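In the two complexes that follow, chain A is the common piece, with chain B as its partner first and chain C second.
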Partner chain A sequence: MIGQILYALPFLWHGFLITLAVSGLVVVISLVVGVALGVGLVYGPLPLRLAVRIFSDTIRGIPILVLIFFVYYGLPAIGLQLDAFAAAVLALTLFKVAQVVEYVRGAIASIPAGQAEAAKAIGLTFAARLRYVIFPQATRRFLPPFVNGVTDAVKGSALVSLLGVTDLMHAINQVIGRTYDALPLYLLGAVIYFLVNYALSSLSRRLERRYAFIRE
Partner chain B sequence: MIQSTQGGAATHAPLLAIEGLTKSFGKVEVLRSVDLGVAKGEVVTVIGPSGSGKTTLLRCVNFLETYDSGSIRIDGREVGYKDAGGRVRRGERELAGIRADTGMVFQSFNLFPHLTAAENVMLGLRKVRGKSKAEARAAAEHWLSRVGLGHKADSLPGELSGGQQQRVGIARAVAMEPKILLLDEITSALDPELVGEVLEVVRSLAAEGMTMLMVTHEIAFARDASHRIVFMADGKVAAAGPPSEVLAAASHNQRLGAFLARFRASHF
Partner chain C sequence: MGYHLNFNLIWRHFDKLWGGLILSLELAVLSIAIGIVIGLVLATWYVSAGRVARAVIGAYVEFIRNVPLILLVYLVFYGLPKALNLAYDAPTSFVATLSIYSGAYLVEVFRSGLEAVPRGQLDAGKAIGLTPWQRFFHVRLPTMIRITLPALSNTFISLFKDTSVASVIAVPELTYGAQWINFNTFRIVEVYLVVTAMYLVTGYGLLFALRLVERRFRVR
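Entry: the complex of A and B
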């Protein structure tokens, strides 16, 4: 079994990097876009709030696999032809953006109204209230679900193998296709995914301690 | 202790002038044409049963609540709306500037929990008044010492008692050197044994000539510390004048009599 794992590792390395690339792109883009849309959902004008609300509810109501196939096989019908990697990243990012929007909304909504009022009362403008009073507190509420969402993104990235993108999952299946010995390879894959996510969870706990300024 | 005065400060043009103020929440009229002036250096206390509109009145003064008609002027300048051309709401920056000159202390303290006591006081000084970090720190230490919390400058709000938090709240408001200080039931959320330390701070600010408009249920304190008491009922000013006169009027003002009777039973 050790022999089979050692044989497989070089083939998996490239797939592992693709998995990290897909996860990283999805997380970074969805963090930037999701925070912007989430702030828009809370403070924006009505048309923007409506648009974000409809986007988020729609995306979150669709199975992620359907979304991936829709982007890859469906969008060419309206002239948007993406290669498998781009389509997979776009679909996973749309899904993650919708989640981040809700984390942001929930985090901001959890800050008592008195905080914004006290910030207004000392003369802070809207931007300063967000920057110095609301966001530092909301970040603490935002981080746990978000880091949880990052581990979901790593796990969910395995779905891109269904479009033929050679990520870790696809690389594992390719090796199994040559050796016809599934158990050691899937065990190895599980361990690699676990190690990545365990590292992320540890990071999450450290971040939470760092932001634990409120005693409850 | 402050004696009620008829002349002096009260004869000048009021610093805060509220005229014909009305405000509704949906179909409920909370304020029905309220008139109220506060002169520079004057301490005015608003009392009244809950639902009488006194907290709403206070919140209108720094525009945490919008108002429907009438006017609120501080130093002759309309608070929430531009003076010319109908009721155009002031821009964010103008409102922020007006609020910076109007200190407010809240019933629930509303300290920023992620900042230390000193940082709570410094935030407005740094970001609104544009003071350097060293200047702001010095001012914060000065005001925290004034409220008896010089030794707690680097404590987080969660490490302070309710009375201490509220004193930081007062320091945060007065450090901005506001023209007027609004106090919204600032002892209502405190354990009884902590009320005294907070009222003592308010008393010393009054003695130094800080202009204050406060809402409180501490009738004895209002009587001792105010120049004037305003009794509100059903969104209107039902009685106003020096404490001795207003409290004496209870014998012929039925609502005031009923309101005060409840306090006499427990507080006098």
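Entry: the complex of A and C
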């Protein structure tokens, strides 16, 4: 068993880097797009609010796997060529954006209305209210669920193996295809995913403790 | 562009999707039923257990929650039978996996539910002379179930969506049906549009129904 694991490690290393790359890209892009859409959902004009609401509810209502297949097989059919890696990142990002939108909405909604009213009363403009009053407080509410959701992105990234992207999951299956001994490799894979995600969720717990209260 | 929607082939093979949807629901119901048993037993044990038992239950919960579902599905279906000299078919394997998976999430749900039962209720139970056993089954458990109903519904809806992962071990549920039609008819956009609609209608229909149940049993 030890021998098999040592044999497998170099193959898995490359897959592990792809897993990190997919998760990292998904998290960074969805953070930017999700925050923008989330702010749009709270403060935007009605058509924008409706569009974001429908987008978010639709995406969150279907399995990620269906979304991945839809993007990978569906977009080329209508003339948009994407390689497996790009399709995988796009699909996972769409899903994550919908989640981030909800975190942002929740974070802003959790700030007492009195804060915005007080900011209005002292004559701050809309932009200044967001910049100096709402966002600094909402960030503290946003960060713990967001960091916690990073583990979902790492776990979700294992689905890209189904498109033939050689991530950690796919690398494990490739090694098993050669050694024909599944259990040790799947256990090793489980331990690797566990270590990465456990580190991330410990980080989010620390953030949560740190931001459990809103300072002055 | 130049893609023309044509749903005829989808309707001709619609039995694959309909049968798949029914199977998805069956997988989700079976898994949450077993998951609830696992969750209840472990959560009850956890709140009264010593340090070692707590560590073991905690390790199970943390392990399952931090590993991708697809890996667990492969592990149980391809890894375990040979190592343990067992034999089971793909649907059984998937239900076992999803039960263990949902059990880990439900332990947390029930544990926090048990802790959320107001102290005063337990004291009241004691005051009217209920035995510890009666206090648990007639006071703490019913109240905990009512407190955790919303979390239970959410878990069920997300398990229903997770059944799509069963397609990777060729369990003919809804996503598998979609892939079959995708590869055999190439009406790709159509089939995923129809399947998306089926997941949405079923998922939100279930959510709506469960919210009604929750309102009926809400703790006031």
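As a working rule, the second predicted complex is superposed on the first by the 210 of 216 C-alpha atoms of A that agree within 3 Å, B and C clash if a C-alpha of one lies under 4 Å from a C-alpha of the other, contacts with A are read in each partner's own complex, and residues count from 1 in each chain.
The rule we apply is simple: a contact is a pair of C-beta atoms (placed from the backbone, for glycine too) under 8 Å apart; a residue touches a chain by one contact, two chains touch by 3 or more.
Predicted model, so just to flag it, every value in this text is computed and none were measured.
Colleague: Using the superposition on chain A described above, determine whether A:F69 touches chain B (first), chain C (second), both, or neither.
Modeller: A:F69: touches chain C, not chain B.
Colleague: Thinking of the overlay built on chain A, is A:A190 touched by chain B (first), by chain C (second), by both, or by neither?
Modeller: Only chain C is touched by A:A190; chain B is not.
Colleague: Is A:A182 touching anything from chain B or chain C once the two structures are fitted on A? First, second, both or neither.
Modeller: second
Colleague: Which partner, chain B or chain C, touches the larger number of chain A residues?
Modeller: C
Colleague: Quick one: is A:A121 in contact with chain B, with chain C, with both, or with neither? Answer first, second, both or neither.
Modeller: first
Colleague: Answer with first, second, both or neither: which of chain B and chain C does A:E208 touch in the superposed model?
Modeller: neither
Colleague: Applying the document's definition of touch, where does A:G156 land relative to chain B and chain C: first, second, both, or neither?
Modeller: Second partner only.
Colleague: For chain A, which residues count as touching chain B in their complex?
Modeller: 112, 114-115, 117-126, 128, 132-133, 136-137, 140, 213-215
Colleague: Can you name the residues of chain B that touch chain A in the complex?
Modeller: Contacts found on chain B: 62, 64, 92-93, 95-97, 99-104, 106, 108, 110-114, 123-124, 127-128, 156, 158-159, 172-173, 176.
Colleague: Can you check the complex and tell me which residues of chain C touch chain A?
Modeller: Touching chain A: residues 1-3, 62-63, 65-72, 74-75, 78-80, 82-83, 161-165, 167-168, 175, 178-179, 182, 186, 188-189, 192, 195-196, 199-200, 203-204 of chain C.
Colleague: Of all residues in chain A, which touch chain C in the complex?
Modeller: Against chain C, the touching part of chain A is residues 58, 61-66, 69-70, 73-74, 77-79, 151, 154-159, 161-162, 169, 172-173, 176, 181-183, 186-187, 189-190, 193-194, 197-198, 201.
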